[in-house]
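We call the chains A, B, C, D, E and F, going by the order they appear; numbering starts again at 1 in every chain.
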Amino acid sequence: MSEDRYQLGLEKLAEIDGEQGQKVVDALQSIAPEFATLMIEFGFGDIYSRPGLDLKSREIATVAALTALGNAAPQLKVHLHAALNVGCSPKEIVEILMQMALYAGFPAALNGLFVAKEVFAERGIELVEAP
Amino acid sequence: MSEDRYQLGLEKLAEIDGEQGQKVVDALQSIAPEFATLMIEFGFGDIYSRPGLDLKSREIATVAALTALGNAAPQLKVHLHAALNVGCSPKEIVEILMQMALYAGFPAALNGLFVAKEVFAERGIELVEAP
Amino acid sequence: MSEDRYQLGLEKLAEIDGEQGQKVVDALQSIAPEFATLMIEFGFGDIYSRPGLDLKSREIATVAALTALGNAAPQLKVHLHAALNVGCSPKEIVEILMQMALYAGFPAALNGLFVAKEVFAERGIELVEAP
Amino acid sequence: MSEDRYQLGLEKLAEIDGEQGQKVVDALQSIAPEFATLMIEFGFGDIYSRPGLDLKSREIATVAALTALGNAAPQLKVHLHAALNVGCSPKEIVEILMQMALYAGFPAALNGLFVAKEVFAERGIELVEAP
Amino acid sequence: MSEDRYQLGLEKLAEIDGEQGQKVVDALQSIAPEFATLMIEFGFGDIYSRPGLDLKSREIATVAALTALGNAAPQLKVHLHAALNVGCSPKEIVEILMQMALYAGFPAALNGLFVAKEVFAERGIELVEAP
Amino acid sequence: MSEDRYQLGLEKLAEIDGEQGQKVVDALQSIAPEFATLMIEFGFGDIYSRPGLDLKSREIATVAALTALGNAAPQLKVHLHAALNVGCSPKEIVEILMQMALYAGFPAALNGLFVAKEVFAERGIELVEAP
């Protein structure tokens, strides 16, 4: 374990994902604790810590990719929280998810929107005003 | 054909994709011209014209999704041009493509980077300074 | 909202999906009601309403695609109901799902068959006669 | 090799794919000739020979699946020929490909349409009448 | 049904998957019993019974593929049991799953690891020693 | 750059991929040289250098995954060379590729076999003996 990359990654993980990311790390402890270390070092220490792209743009890219791939609902949930944490508005997130219909089809977009519905409910976000 | 949505879409297509988008529309003329119309109306008139997310963010999302899906090299090429057209820097684009390694694997990221290499060459963009 | 395309789409949605489609539209109300509108207008008003391919053939194509993609179980369920609504026999549906093993592998076909098992049970369809 | 299944498969292959299928079988001779045998026996002897779904419907399902999967352009080409061989009209094929935009996104549909453009050209099919 | 291929496949299925495979076959009885037969004949009689690659290597390949595809969690579970049955150690399985992060991304690897966590728990396997 | 991980990765890359891997690294120099560094450090220094799974088994897993994913032909080519370099026989490779038909469909397996045909030709490997 490289102390610096790990420490840098841990701070970036906390900044982006908050407690959601820590839950994933915890869940790995009994099966592959070194994978959690590699994910923090490489994912958050090496990639998310790079200059050249702001965190909000990074989360827009991640939310779009996970929605399009369509086989990563738990990770999409983590990154919808992350996107809100780093400055995406709920409305912006809905726009990203809707746009994915063009590139990955309506089912991928629909499934992404229903994950967002859960995330918004957990955070008490109401998107559509009462009449 | 709804005159307004089509006209709105055509303007948005020109703003985003420039001549790259028109080439796709032209290529469809002999096989499915109505599909070109629907793509302009729905894709550009309905989706890309929506408020709530700026065009630069929309192209970040599209580049990420097409790279992650990995089966859409011609469309990725069009949208790498589009991303540059609406304000992404070459460096930002490289960061988005590199980040996709985390979510879709290194092959998807590598293939995306090699498409970007072609696009940058076409536009005379040099990323790495000579020593 | 284009009144005509929306109205046409709504009628086509009712013809094909019955109450299953309406449930999806309802579920979108609190998160992205405009996405429901676009889906009805574009998906059902523009695409499913086109001449040139009968609805039974359209649902064969949709069931095959959703089974092959393998990341769209809720939408496959809706379209298995739809396929039965527009004239596919349960036996024909099983044949389509089995055939997908050739193109998307046995897991995709198996998962499709188990979704069909649920749909047939909901509608009281028994495929295999008692000995 | 089961003589009956192989013979049945070979006849079904000839009926559906004509010389296109034979080319695939030939190309396998120097690398995995037994795979060609298994493909003929299982794919064409066991699956395509089953009663319960007509060949035109089977090819609609295959064309839809291969377009949606998006990583099988050579096989899509073979099956676009096959679909025409067993009674799909060029117009019906274009409708299937366009519909895939709903489920797998516009890039998958576009790439499918451009494969169809090649197939139609090889067969001298003109879809759009001159003005 | 070819008696020999079916019998050979049934024995191979029992050797590899034990009761897990039989459960899948049973679940197919009310929807597509002939699909179970084809899967045993082709999958286990024709493919897994071939010489030229040992069963442990075959399961390494299958676990890798199902993890990378990411849309086949139930089948991955069956084949994690199978991999253990034919001689993979729990540690080797964790290594295969971790390695998939390189080719299919971290979400695919994570989801695979969490399926393995379930399988190991069912079999009373503890990977990480208490301190 | 961590000198140790980079050096370790470079040695592992040379052991596994030989000149094929170096070509990928070279091709990245003008677009994303740091991505080449990360790929060597993380992919080869962190993952392929781990104990617990021999290199031959690692390449079996990689070849299977890349064949199943189906959107990574250039990387599959590199890893077919790698698999031969670390001890897979051509026959074993053909078996892995054929087996993928079960999990990812015949097109994925066929496309993988045709990439192998190229690799075997480049290395002068003849699989099927003359009669």
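Following the convention adopted for this analysis, a contact is a pair of C-beta atoms (placed from the backbone, for glycine too) under 8 Å apart; a residue touches a chain by one contact, two chains touch by 3 or more.
Being a predicted model, the structure only gives us computed values, none of them experimental.
Across the two interfaces under comparison, B-F and B-E, the one joined by more C-beta contacts turns out to be B-F.
The chain pair from B-C, D-F or C-D that repeats the D-E interface, sharing more than half of its contact pairs by residue number, is B-C. In terms of their C-alpha centroids, the spacing between chain C and chain E amounts to 30 Å. Each of the following residues of chain E touches two or more other chains: 38, 42-43, 47, 66, 68-72, 75, 94, 98, 101-108. Looking at the complex, you find that chain C touches chain B at residues 2, 5, 38, 41-42, 46-47.
Contact residues of chain F toward chain D in the complex are 69-71, 94, 97-98, 101, 105-111, 113-114, 116-117, 120, 126-128. The part of chain A that touches chain E in the complex is made up of residues 24, 27-35, 38-39, 43, 66, 69-72, 74-75. Considering their complex, residues 42-43, 47-48, 50, 52-53, 57-58, 60-69, 72, 75, 91-92, 94-96, 98-104 of chain D touch chain C. Chain B meets chain E in the complex at residues 68, 101-108.
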